[in-house]
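Here is the structure we will look at, set down as structure tokens.
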Amino acid sequence: MLFHVRMDVSIPRDLPADARADLLAREKAYSQALQSSGKWRHIWRIAGEYANVSILDVADNDELHEILSGLPLFPFMKITVMPLLRHPSAIRADDS
Amino acid sequence: MLFHVRMDVSIPRDLPADARADLLAREKAYSQALQSSGKWRHIWRIAGEYANVSILDVADNDELHEILSGLPLFPFMKITVMPLLRHPSAIRADDS
Amino acid sequence: MLFHVRMDVSIPRDLPADARADLLAREKAYSQALQSSGKWRHIWRIAGEYANVSILDVADNDELHEILSGLPLFPFMKITVMPLLRHPSAIRADDS
Amino acid sequence: MLFHVRMDVSIPRDLPADARADLLAREKAYSQALQSSGKWRHIWRIAGEYANVSILDVADNDELHEILSGLPLFPFMKITVMPLLRHPSAIRADDS
Amino acid sequence: MLFHVRMDVSIPRDLPADARADLLAREKAYSQALQSSGKWRHIWRIAGEYANVSILDVADNDELHEILSGLPLFPFMKITVMPLLRHPSAIRADDS
Amino acid sequence: MLFHVRMDVSIPRDLPADARADLLAREKAYSQALQSSGKWRHIWRIAGEYANVSILDVADNDELHEILSGLPLFPFMKITVMPLLRHPSAIRADDS
Amino acid sequence: MLFHVRMDVSIPRDLPADARADLLAREKAYSQALQSSGKWRHIWRIAGEYANVSILDVADNDELHEILSGLPLFPFMKITVMPLLRHPSAIRADDS
Amino acid sequence: MLFHVRMDVSIPRDLPADARADLLAREKAYSQALQSSGKWRHIWRIAGEYANVSILDVADNDELHEILSGLPLFPFMKITVMPLLRHPSAIRADDS
Amino acid sequence: MLFHVRMDVSIPRDLPADARADLLAREKAYSQALQSSGKWRHIWRIAGEYANVSILDVADNDELHEILSGLPLFPFMKITVMPLLRHPSAIRADDS
Amino acid sequence: MLFHVRMDVSIPRDLPADARADLLAREKAYSQALQSSGKWRHIWRIAGEYANVSILDVADNDELHEILSGLPLFPFMKITVMPLLRHPSAIRADDS
């Protein structure tokens, strides 16, 4: 089941440099593990912004929230979610 | 080059039924031809709305506008565009 | 799987009275059938507005959209959807 | 009498960890006591957000405010309230 | 129980003059009957706008909606509602 | 002359407890003195919010601003003002 | 007593040309009579828009509303009002 | 050439009292010098807000920006600008 | 003197095809004459929208409004204006 | 390929004066190098605001983001991007 997720990141300036670096490394590892498992289907950077658009493929709303609230950057992000489904004009096998 | 496009459709009530059916058939054919060519990379329906989120893969802004303004439903849609690029954490070959 | 749905209704003034009455009768029957089946878990009127807040319990996003886009009033409603899940403080068995 | 309440939580980063833990424990106990009494009829997490949607069943506006302003997290929440009532299409005994 | 209600009126231009006059006469009578009964506690015009702010004193949300949805101008108004209660600094007997 | 005033309060967390208590005591005294004089005609709490709706009855805009900018909580409030006048359907002597 | 008024004009396309011309002539005469009397203190066009910013100098809110609601273009305008007063740094005799 | 300028002031709480007093004194002197020279044509306080509406009469956009960015309070203000011109219905010699 | 102008076009569906074609031809000629004269310095299409961003170089606000209100499409456009000036980091001779 | 970029700057007050001066010097050098190379086609100050409108001419979205995210002021700016293309009425050779 697909969800469209937009994440806008805003890391506080007073976070020490190493805490910040650690946070970003954990975020990257977390995201890539989920991409490898197929649950984080797509991720794109929005040009000019510290933000991404992602497509998640999860079993249900619980799993969606579990993944998002587990993001190392979760306390520093504004997240907006839209449920998606296959479009009647879609031809790609993997657009649903 | 990837663009995130959201299209919200609002077809006037007074459009005759056959004109409407013809319009929708042409829209579907137009979209599917571009999906086949690879330029319309993804299309998803947003649950509960007469709207879609699409990812277009075009040569440049000119081609993007040529495709969008050529949509049979273009006069009846509100379109919003965001330029995308590969996210530094992306692992899929086709997320750029 | 639960979804929070808000529906704001705006029926055009020029719809003939009997078409309007028929539409509303079909909307009521449609909603009540889904309430009986358990898929439309709750529905409340918002005081002072021609609008409702509903909780739907569906298998997935596809079923959610199928139900919402099938509403007789769908062409005359603005619908907004939020995916819900069990709250960690919830004690009621049926809040998930 | 039913009210739809949305609560968006934002706990300051500089709150010490134990103060935060204590706050959350008191919030949970407070909410569960009211759920047990029947006054806090429903509570759901909104997927991807540190926010909930709740349905309160109170005697009047005074009791509603007394409950909400007494929330341990009240100073750290944005709360929005909508009065609800039974929908004319509702069939469940407990949707009013 | 008090509610703050704002009503913004927008009567369609194509309503015939006598239908409009009749509508406004019925609206006035409806409002004045409720003011006499004490349920419509206050009504003020907002300067420069075809809008009013009102304070209603009703038994519950049901009665609030029954009154508002029964307004002759209801189909032509945007209504927004806020539940009110006695302010801890209030000294007037009738501010609750 | 009547004005509708909405005040949303946001007291900084780092204000010492006694400074806060003193501030609130002065605010209450200030408001009650103006209520006694008849210039602060009504005040209601908005349910679920640290906010009030008030009706002020002042000689002119200067007096309105003098009263509002003199509020002990003025630096910590967002204030919005709307000029009111007697509604043509009003029947109460004191709704103007 | 001064008020800042912004008026955004939107005349329906289907108004016959002579009705429109008559309306605009009456609007101009109405405005100029009030400018002559000193009640309509200033009027400026906003560049690029069919809109104006005006300063009215009236006895009270009642007179303000009487003037604005009497505008021939009133049914076709969106009006927003802000009460003004002398600024503590003002040096001009006529800025209050 | 006239410009409509709205300035909303928000001075940080942690600015020492004498720095604040000095800032406000310099702001007042700066504004009054420009009022004397005729470049700051009008200034009014907005009732209930720490904000003003001003009319500036400058040679061009460069001079407008030079004046506004030179305001001692510039770092603590949100400024919005609208270019104005003589209204076709204006009768005052000095409304352009 | 430079102004940033955004124009969003919305031509009514019921405008006859030849009236529409005539309107667009006159708009194009009008724009190109001003581009030739140097007053309409730049014009770009916004991708995916029936809208443009333009830079106008005019003597003053009066000329700006004369040009914009004279656009054949003026009745069918939403126009927003921002005054611009040379940026302190600009190096191009023609960016002012 | 052209992009319209608006940058709103907000430098924290607690940044030491020399860090701020260094930041601004690096920002200016960065911008001017890109202007010299032709990639930063235009830059204008918005009157009354600490903001600019720029036109960038880049190879693709990747280069756009590389330039914008590399701005020394990037952590202190809100950036909004719109893809542009040649307008069908444009006559200047360099408006595409």
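Just so it is clear, A, B, C, D, E, F, G, H, I and J label the chains in written order, and each chain counts residues from 1 on its own.
Note that contacts are C-beta pairs under 8 Å (C-beta built on N, C-alpha and C of every residue); 3 or more make two chains touch, one makes a residue touch a chain.
Note that this is a predicted model, so its numbers are computed, not measured.
Colleague: Chains in contact with chain F and with chain G: which ones?
Modeller: Under the touch definition, chain F and chain G have E, H as mutual neighbours.
Colleague: Stepping chain to touching chain, what's the minimum from chain C to chain G?
Modeller: Step count on the best path from chain C to chain G: 2.
Colleague: Compare the contact pairs of F-G with each of C-D, H-I or H-J and report the one sharing over half of them by residue number.
Modeller: More than half of its contact pairs match F-G, so it is H-I.
Colleague: From the C-alpha centre of chain A to that of chain B, how far is it in Å?
Modeller: Taking the average C-alpha coordinate of chain A and of chain B, the gap between them is 22 Å.
Colleague: What whole-number Å value describes the gap between the mean CA coordinates of chain E and chain G?
Modeller: 28
Colleague: Approximately how many whole Å separate the CA-defined centres of chain E and chain H?
Modeller: 40
Colleague: Out of chain A, which residues touch more than one other chain, so two or more?
Modeller: Only 2-3, 45, 47-48, 61, 64-65, 81-86 qualify.
Colleague: On the basis of the stated criterion, which chains touch which? Give every pair.
Modeller: So the chains that touch one another pair up as A-B, A-C, A-D, A-J, B-C, B-I, B-J, C-D, C-E, D-E, D-F, E-F, E-G, F-G, F-H, G-H, G-I, H-I, H-J, I-J.
Colleague: Give every residue of chain E touching chain G within the complex, in rising order.
Modeller: Touching chain G: residues 13, 45, 47-50 of chain E.
Colleague: Taking the touch rule as given, give the residues of chain H at its contact with chain G in the complex, in rising order.
Modeller: So the residues of chain H in touch with chain G come to 2, 4, 27-28, 31-32, 35-36, 42-48, 52-53, 55, 82-92, 95-96.
Colleague: Provide the residue numbers of chain B that touch chain J in the complex, in ascending order.
Modeller: 1-3, 60-62, 64-65, 81-86
Colleague: Report the residues of chain D in contact with chain F in the complex, numbered from low to high.
Modeller: Chain D reaches chain F through residues 3, 5, 12, 61, 64-65, 68-69, 75, 79-81.
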